[in-house]
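In the two complexes that follow, chain A is the common piece, with chain B as its partner first and chain C second.
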Partner chain A sequence: MTKRPLFGGDALVRAMILGLPFAVILILIVGPLVLTFVISFWQKTGFTMRPDLTLDNYAAFFSGVRLEVLLRSLWVAFSATILMIVIAYPIAYLITTRLREVLVRPVLFLFAVPFLVNYVVRTFAWSDLLSRTGPINSALIAFGITERPLDWLLFSDFAVYLGLITAYMPFMVFPIWLSLSGIDRRLVEASWLLGEGPFTTFRRVILPLSLPGVIAAAIFGFVGAFGEVAVSLILGGTGYQLLGNAIQSALSVLNYPLAAAISSVSTLLMLALIVAWYQFFDLRLMLGKIMMRA
Partner chain B sequence: MTSRFTRYGIKIAWAFVALVLVFLYAPLLPPAINSFANLGDRGLFTHYSAILTDWRLMAAVRLTLLVGLLVAVIAPLLALLAAEAVRVWRIPKLILGVILIPLFVPGISMGVATALFFQILGISPSLLTITSVQVIWALPFAFLIVLTALANFDPVHREAAYMSGANRWQAFLEVELPQIHQGLLGAAVFSLILSFNETIRTAVVQGGNNTVQTYLWSQYQQIGLSPNLYALMTILIVATLALIALLALLDARRR
Partner chain C sequence: MSKYELPNRRDVLKCGTAGAAMILPWPKFGTQAFARSTLTLADIGVGDTGDWLKFSDQSGYDVNVVSMGNAPSAVVNQLLAGGGRTTFNIVNIVGGMQEPLVQNGLIRKLDTTSMPNWAANTYIGSYLSKGTPGFDFIGYKDAIYGVPTVLQGDSFAYLPDETGNLDSYSALFDPKFKGFVSLEDNYTTAGQKTALYLNHSGQAKIANPSDMTPEEVKTVIDFLIAKKRAGQFRVIWSSFEQAVNLLTSKEVYVMDCWEPMVFVAVKKGTNARYADPKEGYLLWAMAAYIVNNPQLSKEDLAATYNLLNFMLGGWYGAKITLLRGYMTNPLAAPYAASHPDEFSAEEAKRVKEITEGVKLKFQKGGTWQNRWPTHVDVYEEEWQRFKSA
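Showing the complex of A and B:
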């Protein structure tokens, strides 16, 4: 079957029109990320900056307080991502295996709705819910569970993790569900026929086959939590900084080269994760359904 | 077949899902409640009508709507071209990899990168910079939606149109578009929702302008939140929920 593309005639014109979205991505995101990397070696001069080849910005980043911020960001993003997977996986698994076909989409939809509401606004809402005089503390006191308001609900690690998980976890259900629902049922049945119980079947068949979706979800959650600005500022309280806050404070004193250096570190880390994911898994495993006829 | 043990296990698992949903939906309520606080003897919608007389807020509302509209038009069109390229160029992995990049760049890094880029080029913060960064953010999502819609379209129909003497544009407009237009519309609504969702990237590239979202963000950092701002948040939440309902409706009609 010959394929006649939409924009016919001049092949060059067609290539240019079809290439437009890629040009947009290259010019507006890949280019700027490369530029940011270049600027990270520049020097700050007063209110502006000048081209240079200095490692000062990285030295400033990898020393003192900012190193602590980097290490904390790595740890918080890593541990929050593990928690998100632990919550999202069973949900995706239940949706895939225990739900009638007609109910799958509506239930997935339930997880999409809160994700689509502005997450900064949702984070503001959490700070209300968790505050000393907020509804959760009032309820706890009314039921006699505690006498005084709990202090650790807000401006704490607990609040930050809660904020991060509710911000990014809902979206992670989707890639995991995609890869779980793509698993050939016959493989599971084959494992049964070969005499394996449900746990071994899960561990040796289902889990490995769903890994592409799990890792995609994990990267999404990790990247989000790692560069977080709003959740740490609103729910962590003063002094609670994640990498995004470090970038923001560098921006606020117009130290663009330093902001560029911190930003580049997080971008490079993200790139390494994506490349590793790409090396290990075939995208088609997960997106096969969407791309089947494309 | 299933033992009583697993049946209880599954019930507990669904209870867990319900609990997670409670946590996810709980934050949608407080802004609405706070927007009706401290009313005194003034009307119920005092804080809402106060928005109308605050010119800074109204400017932010207008900018939010304008940017949202632009994003909702541009992102699906770019997504359609990219989805078309998947079909024509036969390098789906590469195309997907490129278009999905913005999904995996931390929000603030994306903001910093584009802000520096525009600064070096001498393009001052404006509608252009805000719209660009939001289009880039919405594109991967719009692309996946359009790609799904295209996957349900059998190219044989287009071949049939060619054989009946249609040229490429006629085949697209009269045969393909009617079959995929709801997917495109879905991508547009989704892009608008994502535009309403965006704060951090926009805040870095906006300069002196403000959208509703970035106005809330800067007010929180400078002086804290007031009932008027809670009213604004409530409007934002309700508008988003209405758009989601529209999306669901489109989806139900497509099936």
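Showing the complex of A and C:
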């Protein structure tokens, strides 16, 4: 057997094709993350910082008010994600099972339309719609549903959740739809033939098989909601703090090591989530089914 | 070569030769066309007149205005990491940032003799002289770093139809307006105004609202948290448009904010007023700094000084006063009045009115905004506590 040169012919082309995106990821994503992690152990000195190996920034983070912000961010992101799945799953299910093939793409496109408008602008639009003198309160008063404007529509938990759901839920429809549409119809039919009703078929066949998509969607939603800054700032009212706002605040006083520590904790949490997802579900399985279907 | 044919090497060489032939007769073309004949002014959205032809005509330099954030981190980041140090000539921001900027070697000490209009600016002596709190907006350790471009005293806005006449910061904390009050998301403005109020009302003893001790900051924040929990505040605003919208939609009746927001709200038909509080104003000034670019040529440095001098002049001052509603320099009102070809009688009157109005604010006094207090980390941490409460 003749030994092929390591970077000769196809191998060189392959190395170049794979190497370029790998280098881009390394330089633009992994590099800054590593740098952030390293800086999180540095010491703030006046207006700059110096290399160190201190845990002071993590101590400041976990002992101060920012820990409350972290816990709140986790809770808001988690609960918003559950709500988003509850909304996105039926939509994706209906698109997969009830919509004619020719209408699937246009309907999915409709879910992408909101992203044509900048999300900060969209969030500001919500503040106009939900304000005391906005169209929603005006309509409620006009129809006699309420006598006075509903204060809780804006600058409240409700407004923040609404902002998060409308910002990230449409993203979640796509992976769930992908997952659902990749399910082998014969498995569903086999369940019926064996005498199971629609609910049991859904619970024992469709739902488990669609879980990789659901988890992918949940990660999209959770990561987005967890790192959110604008929604809490614009719709949250009296200083509705999420972790993104806490990072911004630390940066405002040039406390880069603290901001790096908060960012590192946030990144590690997200990483853990993705590793767990990867451990439990094989993404290739979902994508493979879709590709086979195509 | 047909219409759709790609140019071959010979065509490219021909074009290159022709281009070179056109350039060669003008030996200075390279330096004139490609060296910087444009001055870049990084500004927070206040100092751009929108028309720099007057300066370009007299100096031969164009002015390129780029937007920059006003937060300390935005300023330092853009100068340090964003390449601003080599691309900006001047940064025009709210003053008081000299300490971090000087310590990071980002701005130059000014030679005031290079700006003839400096001596004519009596406001510097009146409000920003050495040994006064105002000096902190343009100087650092006895040296001058910033040219004052705007001076102002801030208080709060209110809707008189809903509240009646208001003349005290107590309105921000009055239970009568519970749920209809908004504060700015800024510990150096909202925090200092609250300190002024607490001092004046005898609820706390704060020696220097401009530079509070950690205990004093805590006192202010504890008070704000109590009010927040009682439902006093509707929202903490964080952008100009948001603040204007809060007033025009009557979402709030009393708002800690900037005066131009009231001007915009009034223009939109809202009956809004800017208060004249008995406790005084939050005084501040904008400063234009020369960016410490080690590669800056002598010619460009001279042109940069020329631009700063222009910004100390009457035309620029009058334009900015009209556009933003801030006092600028002592030459502004006389210039507007004596140049009917450039400013209408109504505009000249407006410049004078605004200038006189701001002078009265400075006479009344209050507290100078401190963008970088001694215990800035405590301010930030405590402000987080307030927002998270």
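Going forward, the second predicted complex is superposed on the first by the 270 of 294 C-alpha atoms of A that agree within 3 Å, B and C clash if a C-alpha of one lies under 4 Å from a C-alpha of the other, contacts with A are read in each partner's own complex, and residues count from 1 in each chain.
Convention: contacts are C-beta pairs under 8 Å (C-beta built on N, C-alpha and C of every residue); 3 or more make two chains touch, one makes a residue touch a chain.
Since the structure is predicted, the reported quantities are computational estimates derived from the model, not experimental observations.
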- Between chain B and chain C, positioned on chain A by superposition, is the outcome a clash or a fit? clash
- Check the residue A:F47 against both partner chains and state whether it touches chain B (first), chain C (second), both, or neither. second
- Message: For the three-chain arrangement built by superposition, which of chain B and chain C touches the greater number of chain A residues?
- Response: B
- Looking at the overlay, what does A:R66 touch: chain B (first), chain C (second), both, or neither? second
- Query: Thinking of the overlay built on chain A, is A:D128 touched by chain B (first), by chain C (second), by both, or by neither?
  - Reply: both
- Tell me which partner A:V160 touches in the superposition: chain B (first), chain C (second), both or neither. neither
- Can A:G239 be said to touch chain B (first), chain C (second), both, or neither? second
- Item | Partner chain in contact with A:L251 - chain B first, chain C second, else both or neither | both
- Message: In the overlaid three-chain picture, which partner chain does A:M172 touch, first (chain B) or second (chain C), both, or neither?
- Response: neither
- Item | Clash with chain B (superposed arrangement) - responsible stretch of chain C out of 112-120, 184-192, 220-228 or 238-246 | 238-246
- Item | Residues of chain A contacting chain B in one complex and chain C in the other | 124, 128, 233-234, 251
- Message: Give the list of chain A residues in touch with chain C in this complex.
- Response: 46-48, 64-66, 68-69, 72, 124, 127-128, 131-134, 151, 154-155, 233-234, 237-241, 245-246, 249-255
- Message: Considering only the defined contacts, which chain B positions touch chain A in the complex?
- Response: 10, 13-14, 16-17, 20-21, 23-31, 34, 78-79, 81-89, 92-93, 95-99, 101-110, 112-114, 116-117, 119-120, 132-133, 135-136, 139, 143-144, 147-148, 150-151, 153-156, 158-159, 162, 167-169, 172, 193-194, 196-200, 204, 213, 216-217, 220-221, 225, 233, 236-237, 240-241, 244, 248, 251
- Message: Which residues of chain C touch chain A once you look at their complex with the stated criterion?
- Response: 71-73, 76, 99-100, 103-104, 179, 185, 228, 233-236, 238, 241-242, 245, 249-251, 376-377, 379-381, 383-389
- Query: In their shared complex, at which residues does chain A touch chain B?
  - Reply: 1, 3-8, 14, 17-22, 24-26, 28-33, 35-36, 39, 87, 90-91, 94, 98, 105, 109-126, 128-129, 135, 162, 166, 169-170, 219-220, 223-224, 226-227, 229-230, 233-234, 243-244, 247-248, 251, 256, 259-260, 263, 266-267, 270, 273-274, 278, 283-284, 287, 289-294
